[in-house]
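The following block contains the structure, expressed as structure tokens.
Which chain is which? They are A, B, C and D, in the order written, and residues in each are numbered from 1.
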Amino acid sequence: MSFQNPVFIPGPTNMPESIRKACDMPTIDHRSPLFGQILHPARANVQKVLKSANADVFIFPSTGTGGWETAITNTLSAGDTVLAARNGMFSHRWIDMCQRHGLDVQIVETPWGHGLPADRYAEALAADKGHKIKAVLATHNETATGVKSDIAAVRAALDAADHPALLFVDGVSSIGSMNFEFDAWGVDIAVTGSQKGFMLPAGLAILGFSAKARAATKTAGLPRTFFDVNDMAKGYDNSAFPYTPPVGLMNGLLLASDMLLREGLDNVFARHTRIASGIRAAVHAWGLELCAATPDLYSDTVSAIKTPAGFNATEIVNHAASAYGVAFGTGLGEVAGKVFRIGHLGSMTDVMALSGIATAEMCMVDLGLDIKLGSGVAAAQDHYRRTTGQALQDAA
Amino acid sequence: MSFQNPVFIPGPTNMPESIRKACDMPTIDHRSPLFGQILHPARANVQKVLKSANADVFIFPSTGTGGWETAITNTLSAGDTVLAARNGMFSHRWIDMCQRHGLDVQIVETPWGHGLPADRYAEALAADKGHKIKAVLATHNETATGVKSDIAAVRAALDAADHPALLFVDGVSSIGSMNFEFDAWGVDIAVTGSQKGFMLPAGLAILGFSAKARAATKTAGLPRTFFDVNDMAKGYDNSAFPYTPPVGLMNGLLLASDMLLREGLDNVFARHTRIASGIRAAVHAWGLELCAATPDLYSDTVSAIKTPAGFNATEIVNHAASAYGVAFGTGLGEVAGKVFRIGHLGSMTDVMALSGIATAEMCMVDLGLDIKLGSGVAAAQDHYRRTTGQALQDAA
Amino acid sequence: MSFQNPVFIPGPTNMPESIRKACDMPTIDHRSPLFGQILHPARANVQKVLKSANADVFIFPSTGTGGWETAITNTLSAGDTVLAARNGMFSHRWIDMCQRHGLDVQIVETPWGHGLPADRYAEALAADKGHKIKAVLATHNETATGVKSDIAAVRAALDAADHPALLFVDGVSSIGSMNFEFDAWGVDIAVTGSQKGFMLPAGLAILGFSAKARAATKTAGLPRTFFDVNDMAKGYDNSAFPYTPPVGLMNGLLLASDMLLREGLDNVFARHTRIASGIRAAVHAWGLELCAATPDLYSDTVSAIKTPAGFNATEIVNHAASAYGVAFGTGLGEVAGKVFRIGHLGSMTDVMALSGIATAEMCMVDLGLDIKLGSGVAAAQDHYRRTTGQALQDAA
Amino acid sequence: MSFQNPVFIPGPTNMPESIRKACDMPTIDHRSPLFGQILHPARANVQKVLKSANADVFIFPSTGTGGWETAITNTLSAGDTVLAARNGMFSHRWIDMCQRHGLDVQIVETPWGHGLPADRYAEALAADKGHKIKAVLATHNETATGVKSDIAAVRAALDAADHPALLFVDGVSSIGSMNFEFDAWGVDIAVTGSQKGFMLPAGLAILGFSAKARAATKTAGLPRTFFDVNDMAKGYDNSAFPYTPPVGLMNGLLLASDMLLREGLDNVFARHTRIASGIRAAVHAWGLELCAATPDLYSDTVSAIKTPAGFNATEIVNHAASAYGVAFGTGLGEVAGKVFRIGHLGSMTDVMALSGIATAEMCMVDLGLDIKLGSGVAAAQDHYRRTTGQALQDAA
């Protein structure tokens, strides 16, 4: 198998050389002080990436899915009510997890391609006079549809109703790539994984907990041990995990978070916007549309692109892999076969993006779509050449 | 920090060069057929390492602790009774996890340094006419005390009582290093992690499930999603995980299991016995004793060495790290301060073992113990030189 | 600095992951049998890559320049006459080296952009009745101009004149990427380096010697020790070098040559032709011309592209580096400022090539050239999509 | 093959993890400014390692042997006289190279195991009234015999005779590990390689030239191109090599020299003395002797150990490799079969050294020598434990 071409899946991302080397670490004694020299600054860095002054950062050898489970099992009890919109595959899965843990999920069905409906959250919260709703779930960036939602608006809905529910945000495909404001948005639990904005291999669930979320652990009745944040906190106090930590990944996280902070979070976000804008320029040049209903919803980490009716979008993904050795993302769930996805997060340059656009064009022409070769590339080139700057190169 | 010296902790082990390179893998599309080419043979290999013809192998991005949680949450319901002996820190922790998940643990208290008391298991099972006991927990190799237990005897106890309870075995520090017979011992769930006999970084929980254990998942009431084996099985059917898999670690597992099988499991076990015997010869030459009460209990992966009364064994570990850059294991729980541990599993040669023995000697002399420099080394040398063979070199 | 974008210099090439790992080898005893297990099969493979049945393969810790020096110092004496055409920077440098070693070079001046003039070689050889010419130098692929020459025609010129001169061929930027026939062309010494068709880091000079060339070493008067092939041959007989060998690079050469042979040399060459053809389609779509005068001279490893009169082509190279983080090659010597070069040898996919073409387009537009964005990309896409095949992917 | 055990050859050394990673570098454009950012600080660092304020540092893709050739071909002409002592295999080889380049070598035969006889150098120089001797060759550390010589005394001999000859010093196995004072000793050319004190893979010749040596290049008649220091100097002025540089090795050299300077050269040398002293304590405990005739000659990088008459010392080396997977050095030339060598330079800890000593003991007992197991280990342990310090650990 060739590893020469970039990948264009919405995570795991292409990994910078330096991060791979940081992860590929020889064995050390994870109970020695050496581990603390990795653990503590890594956690402090993640806090900054979350734009939080006080969030407790927890890192588990797991994935974003494990992060979701950490969020609910540490703070809720069977029978508790949670409020959640379903507008894509990943919000769907989190809802499913809640139900399987015996939670009563008040689901706000939302068309795929739309953002979280803050107004309907507001209605539901206002209606919940008895505060049965213990937590509100919000997917910041729906990876399946390439839709970014307005978390500040969800917080505003909570505040407007003066509702004490916790706010849990899935930032798996946004944190580290798109603006995320733990403190300003009043987030109680933020969840992400290592393989997205942090550009690491999969294997870490990364969470921030507010003091309010930590307090909720005292009454939470759902059973947990592996994902228990209080055990984990006790471990951290001893520069350890309650079990064997994935030292190399933690070392990679330390470097990755250092890189993001050194570049400057706002520069990182601007870089993602720039790359994403080029991709979107190509989509428009092709005469195609994004799954995201309106421009304010466009994700800067992944674009889900609608193909013409009657065409199976998944064929593009399969053909790209077999004919050109390039990985795109398929549509999932309701949009399976209707969209294909280009992931453009993490360590992606304009030059890499252009090769993805060029490949997508070849695939679409190969499969009979009426696309002009070079058209999307030209639109993206025009954007990239007008916006290139040394900053971009320096960042990497 | 120096990475030149070997580590002598009972996992994570020293990692062979080739395994590190297999884990350090560039990003691939984990939903492409490439991943199946890693996943399926890795699972098939693990089955063979378990000496099982039919066990369902499950691998989670987690650790051995997550493996324990997988075992109980997939097969049991709150209020169920489990039978477990407590003879060390790791059996203690598994019991604690069960209790926190609402299980009723019938604890067979056993002196640390002793093996699982099959006779007392037999009594308890015979007494349980109503079959309230749903599962029997057995720690094959207590990493805290360096004690190996007789799992076949526990199975015999179950059989003698004609008891239907499931048999769960913690083989975290034995599987891949010491003989483990999933089928012959009638094991229902075996649990291990990546960082021991498989010589990988921490980050994988690895389990085998018998058909009977799989059947128990249908009635198990404990909530689970991340660790749900049926979701995972469905993922495997599509050459995938239900979430993002740790591809590099899986690729490492494929190579590690290949290496073990190519060497031949019995050769691997003999190699561990040979290295361990040299360490034990040194301990005896020093005039010290192992924590393990009798020779039949000696573990071939870790030796817990008792220091004289009044001496704090943990000082040896701290001094070895600070003065010589060498990592040993401390005593845990009841034996904290009373023992220090030398881990000798995974990719360890006689030459490496000798450097660990020599370091331990220097530390003990530095700290005032009445040990003759070179005495343990000479005893181990004598053992190693009488037993060396090309097999050893070929193995590595 | 970012390492995310491919390089488009005519060597060192982009390196496959597996080759990098083969080179990154821990220290072994280079006098142990382990080294022979690398050395002997690597040399046998290189012989096959040269399409030779009997050539003696020599490998020095050096570069192609060291290879040239090896050729002349082992076979010639001060005052000897050699015949050489000068049609580019690299033929020029070899001539210069000969002169500095006291050889009398009969130079056939040839316009840059043209191939070796076999007819003028023929004239010179026919005129040399006294056989003063001891060696004929021929640059198979002029890296500076992207011009491939006809070595068989040079051999024919020697044969027509029944001339005993040795035939030395610089195949630095052709061997392993373009067809090279040591035996069929009657080559006496072939020279290459590790960083081109073998896709390795720089650091090895790689040579083939015919029996006739070996015989010439007996009378050669030029002093040499480091580059002495007879010392080296004696080393090889003991599975060694006469000094410390670069073991990791040798291990990389073993793998690289294995990869080329497994893919099949003709498949490798066809792959290079396919990638190069796409680049050339782009050049033509831009309305630009190659430095190579006629299509039969087009190199499949590097394209030197002429920019309009009055434009400094080197600006493209500088701008690509600073604005887009992409490396092209500048013009050298006579064509400095008149051409820029795209290297497309080694481990290069169509997808990577498209990103290079797209970058060149952006640069040219940025610098005011009248180029249509996407035009070259579209021409290359058209070529690539019509010619893609699984073979391509399997190769890498 | 196993890479788990350290090597005990006198170079290439065991490589620190960080240095291996620095060498394993992706392809960059070696003509871009990036390369200058490696080249210039690496050269400046090497100058400091040589303890020189003004030496011109030259680095060639080659080995120490190439460095010798660089020294003589850049400064001398055929027929020139050089003065050299022969006291081991490496001084012998350098003499041989001189003779093959047409130099007239005035050889001072010296018993192997003895140092350079400064008094006899003094006599020869005093006798050379006509200043026929153009260069004096001095091997600082004879790797074959483990003998360190007094270069300051050779300089004193030159000064006493008021002789203008150049002083060339082979510091291949001393520079970076043992004190070397380019300026204070009035060295004109110092030669080393990458695989010794710099702990890199083989592949670089590293030289310092005094202004006087540079001046000699103007009249030097020996032909050279690849090794021409003036071409190289011109390249450096353009942040380049005159041919393709080995970028990864240069990057490794930058890190390695940084590491040496950060540790402090005197600390590095003290560390080598400490490790070597432990080895020597073991040798004495075994009742054996070093090849080096007197303690002032003991090398801190390699110990050549004499075995009893009638015993073939090479058997120890072969047996260590086959029975224990450990590499020692054989005796070379006059001392072949009479000594075996333990290399202890570069990145070697006391813990690693003890494993080498223990292995040597097992081998000697296996082969019938009257050695007490553990005896050398105990002597070395005693030395190491009395001299350990945090400095040691911090250094690595």
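Following the convention adopted for this analysis, a contact is a pair of C-beta atoms (placed from the backbone, for glycine too) under 8 Å apart; a residue touches a chain by one contact, two chains touch by 3 or more.
The UniProt protein names, listed by chain, are A, B, C, D = Serine--glyoxylate transaminase, putative.
Keep in mind that what you see is a predicted model, and the values were worked out from it rather than measured.
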Which of the two pairs, B-D or B-C, is linked by more C-beta contacts?
-> B-D
So which chain is the furthest away from chain C, centre to centre on CA atoms?
-> B
Chain A-chain B separation of Cα centroids, rounded to whole Å | 35
Take the average of all CA coordinates in chain B, do the same for chain D, and state the distance between these two points in whole angstrom.
-> 46
Provide the C-alpha centroid distance between chain B and chain C, rounded to the nearest whole angstrom.
-> 54
Which positions in chain D touch two or more other chains at once?
-> 1, 3, 14, 17, 26
Per the touch rule, the chain B residues reaching chain C in their complex are 17, 21, 26
For the chain A and chain B complex, residues of the former touching the latter = 1, 3, 7, 9, 11-15, 20, 23-32, 34, 61-66, 68-69, 73, 78, 96-97, 100-102, 193, 195, 201-203, 222-228, 242-249, 321, 327, 329-330
Along chain B, where are the residues that touch chain D in the complex?
-> 1-6, 14, 16-17, 322-326, 347-352, 354-355, 358-359, 361-362, 365-366, 372-375, 377-378, 381-382, 384-385, 388, 390, 392-393, 395-396
